[in-house]
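In the two complexes that follow, chain A is the common piece, with chain B as its partner first and chain C second.
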Partner chain A sequence: MSEAVVMKNVSKQFKVLNRHEGLKGSIQDLFSRDYKIVQAVNDVSLTVMKGEIIGYLGPNGAGKSTTIKMMTGVLEPTEGEILVNGLVPYKDRTANSENIGVVFGQRSQLWWNLPLIESFKLLRDIYLVEEKDYQDMLELYRSLVDIEPILHKPVRQMSLGQRTLSDILAAFLHNPGIVFLDEPTIGLDVSMKARIRELILGLNEVKKTTVILTTHDMGDVDALCRRIVIIDEGKKIYDNDIDHLKNYFGSYRTLRMRLSDDSWVEKVIDESKTDVMHVIAETQKTSRIKDIRLEEISTEEVIRKIYEGGQGA
Partner chain B sequence: MTSVRKMTALTRAGITESLQFRLGTAVTLFANLIYLALVYYLWKAIYASSGTDVVNGMTFYDTMIYLILATAIFNFLEMFIVWDMSRAIQSGEIIMHLLKPMRYRKYIFWSYSGSLVMSFVQTFIPTFLVVAIITRGAIPMGWNLLSFAVSLLLALVVNYNIEMLVAPICLYTESTWGINIVKETIVLLLSGATIPLAFFPEGLRRVVDYLPFRAVYDIPLRVLLKKGGTDTWQGLLPALGLQLVWCIVLSILGNLFWNRAVKRITVNGG
Partner chain C sequence: MEKSLRQKRGFLFYVSIYKKILLQDLKSKMSFRADFIISTFGMVLTNLSGFVTFMILFHNFPSINGWDYHHMLFLYGFSLIALTPVQCFFDNNWNLRFMVRSGDFIKYCFRPINVFFYFISEVFDVKGLGQFAFGLATFIYAWAHIGIPVTAVTIAEAVLFLITASLFMIALMNFAAATCFWIINSGYVMVIMFRFKDFAKYPASIFNGVFRFIFTFLIPIAFVAYYPSLVFVTPDNVPLLSWLSPLIGALFFWLSYKFWMLGVRKYDFTGS
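For the complex of A and B:
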């Protein structure tokens, strides 16, 4: 396997004008040279192998989108090197874009007023896809999702779910080496999320496309990613298998107990520090326990712990 | 010839997209009628108060034909690039345009080409035919039509380049409305689209001669109406040559400016 993306010590700083309050402040701002530097991404190194699906996670404002934009070439890193499919994205943006596909959450690359099939034909032509490859791809799409109902529908008449689905299909159409999915399941219902996950998984399997996924939905992560990279405040704080994640920050389990008044009490227990039996014994001193459940901690809870714990965790 | 495929695909999509808004054409034609009625009465009053039939070498009739055709060209060439680009920048949509496998300026031009074809067919040709029929012979019908077509194409490229030179300014100012109005006013006034250049005072006219704006309206109209010696090669070639020079100069300037301006997105995130 070779590398799809290599990032070496990449940092990105933004210069932001310090805004002042009120009318007087706004007038001051017109002449102000009072900039502050915002460190969006701080010394991140990352290697993604071809064919991998990685979950790129982090709380809001952690620098995820900035990283993705640097990989696509629309942002220039302040420091460090990036290679995507062997190209430097911001220097060779046009060439780079031939071999990547992008879905940015609530943005669409489709032609709003045209039926989906017209957008597909247009993308086929501007990415110079051979007719045979194009037909094969459509055939693959048909085998993975039911595209007939949306194929002849103008994009502006689509539901959010249909549009996201269409955008994902559009991103894969020219069979790019890497597809960036920035919060693709945002705002979608449960069944649409499931269909989109199946689709991504299917395309990754058949076409061996590298997928870099950012999301806040741990369901996406559980369904799609074997490897997770987490950044917070611009710094990489975790980069490993999803299986490692669960005991990386201690082996957490959730203990649920039903007390004598029929209420459920929930305790997250770090088994490296406390014993489950000990907690039960403690609880029993004050109340009778009618029922007990012991659950593995969900990815969501681990991630929440990491976000809340910050870099120190 | 691979890039031809990209271009024609964009043109085709633009045409298909324009066809979705048939009502828009009707509204444009209606708005034109109102505007032209205004122009008619305004200039009628101007000619009536001047006391002579010929003002600055143009009869009322000449002026009307000139202005109606200028309006037709205006409708044909109107591109809204400044507007669209600023909206794309504010909404962040521009990222999707930057990620197309084509150079941005080229991509934008060809994205508009389809709607240009449609507005040519839907508004320019009908207006042209109506004027030609009503005025019976005021528009010469000879090989000037061919040179007019060439001149109009050059005008289109000049106009596109002016738009592309102004539009990136909104990356610096974050507001567009004013810039767009200023651009629109300057282009329409100094190109001879609202007042024929023949009516300009001598000094201003000499200045205008050195500006690119007359390459958009004044030159194509002169070529069409065989004015200003454009009915001979000696008159025609310098006129077309001037347009071509402006195409090249503005395109180079636009490229330089865009490459600088786009850094505001790529370096500072827009």
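For the complex of A and C:
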């Protein structure tokens, strides 16, 4: 397995003008050199292997979009090196874009007035895709999702779900090595979310496409990602398997027991120190247990704790 | 392999992509039939009212600075034709500032094709076609009345000078639109630049020294019709600037394109 993306100590700073108020202030701003430096990404190193699906998470304003914009060649990093499919994205934007696909949730990149199939044909021509590969890809799409109802519909007439689906299909059409999905399921209903997750998984499996996913929906993360990377205030604070994440604050589970007097007793169990069966056995020595319930800590809870600045155990 | 792909995206590639986008766009525009009819009708009215103003003006001043009615008509027709391409093909410049501000502009940076081309190709404005027909009719009528000979050379000259004249207005609008990468209220810049086109239909000789200098060298609106027209209107006395206008036009357009692309590179794309 080789690397799809390598980032080495990448930082990105923005210069933001300190704006002054009023007319006098606006004139002052014209000549002002009074900038403040905003550190959007701070010394992030990251390696993504070919074929991986990684979840790139972080609270709003953490620097996720800036990272993606650097990987796609739109922004130049202030410091550090980025290689995407072996190319420096900012220097070789055109060559880099041959081999990536990008979806920004809620922002369609398709031709608004054209039926989807015409957009597909234009993309086929723009990316110089061979006719056979194009037909094979359409065949694959048909096998993964029901595209007939949307194929001849202009994008402007589509529902948000159909549009997102179309944008994802369009991003994979030229069979890129990497696809960036920025909040692909935002605003979608449960069944559409499920269809889109299935589609992404299917395409990743068949085409071995690397997928870099940013999302606020932990359902996406649970369904798609084996590995997640979390950044906050521009810094990488977590990079590991999703299974490992559950143990980030220690492997806690909550055990609830209904005792003979119908009252519920709650015990938080650190499984690295004691196991659940032992707690049940101990409790049964003093009282009869009528019912038990065992609650896992959810991905969402862990992530929330990390965002809120909790320290790992 | 990358190199061969890039070589394949030459001039012909862009022509064929543009043709396909245009064809699809027209097809979908036809489906908004009411919109299509109303906007064409509106454009005809706009042109008619412009023409009526012109006629009234000439009723009162039969000659302006040695330019008689048919010469002025020639200039008028010339300017209408030369202003058609900016209307038809480069109208998306008007949307640039909204897309840059909302962040939607970023989508043009993800494809392996020229960003300027991709952005501009997205909109074809049919309204310009009415103007073109109107301008062409006026142009041919004035041409016949002035008695300009119809030879292969004069026709070739007309085509060359009309096309290069159109580059001036396109370039002006490129400059104006691209200011949105640096300033917030770029809408005003665009509106002001666009207003300048109204001066294109008058002979620059009627303006005094300062304005003539401005319209020749700073905001070269005099190149949209006046200088190239002299090649046909006063063939015995053509100033050097007229002969040079195709070159200047090409250079000016190239500069505006570079400025536009510089804006794209400098822009921060902040916000998600």
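The rule is short, and it goes like this: the second predicted complex is superposed on the first by the 260 of 313 C-alpha atoms of A that agree within 3 Å, B and C clash if a C-alpha of one lies under 4 Å from a C-alpha of the other, contacts with A are read in each partner's own complex, and residues count from 1 in each chain.
Definition applied: contacts are C-beta pairs under 8 Å (C-beta built on N, C-alpha and C of every residue); 3 or more make two chains touch, one makes a residue touch a chain.
Keep in mind it's a predicted model, so treat the numbers as computed, not measured.
Contact with chain C, but none with chain B, is seen for A:Asp182 once the two complexes are overlaid on the shared chain.
When the shared chain is aligned, no partner comes close enough to touch A:Lys236: not chain B, not chain C. Using the contact criterion defined above for the overlaid structures, shared-chain residue A:Arg195 touches neither chain B nor chain C, since it reaches no partner. Of the two partner chains, neither chain B nor chain C is touched by A:Arg163.
Shared-chain residue A:Arg227: touches no atom of chain B or chain C.
Once both structures are placed on chain A, chain A residues 14, 69, 72-75, 93-95, 97-98, 100, 102, 104, 107, 109, 111, 113-114, 118, 121-122, 125-128, 154 are touched by chain B and, in the other complex, by chain C. Taken together, the chain C residues at the contact with chain A in this complex read 2, 5-6, 8-9, 16-17, 20-21, 24-25, 28-29, 103-104, 106-107, 109-113, 122, 268-272.
By the touch criterion given at the top, residues 14, 60, 64-65, 69, 72-75, 93-95, 97-98, 100, 102, 104, 107, 109, 111, 113-114, 118, 121-122, 125-128, 154, 182 of chain A touch chain C in their complex. Contact residues of chain A toward chain B in the complex are 14-15, 66, 69, 72-76, 90, 93-95, 97-98, 100, 102, 104, 107-109, 111, 113-114, 118, 121-122, 124-128, 154. Remark: chain B residues 2, 5-6, 8-10, 12-13, 16-17, 20-21, 92-93, 95-96, 98-103, 263, 265-269 touch chain A in the complex.
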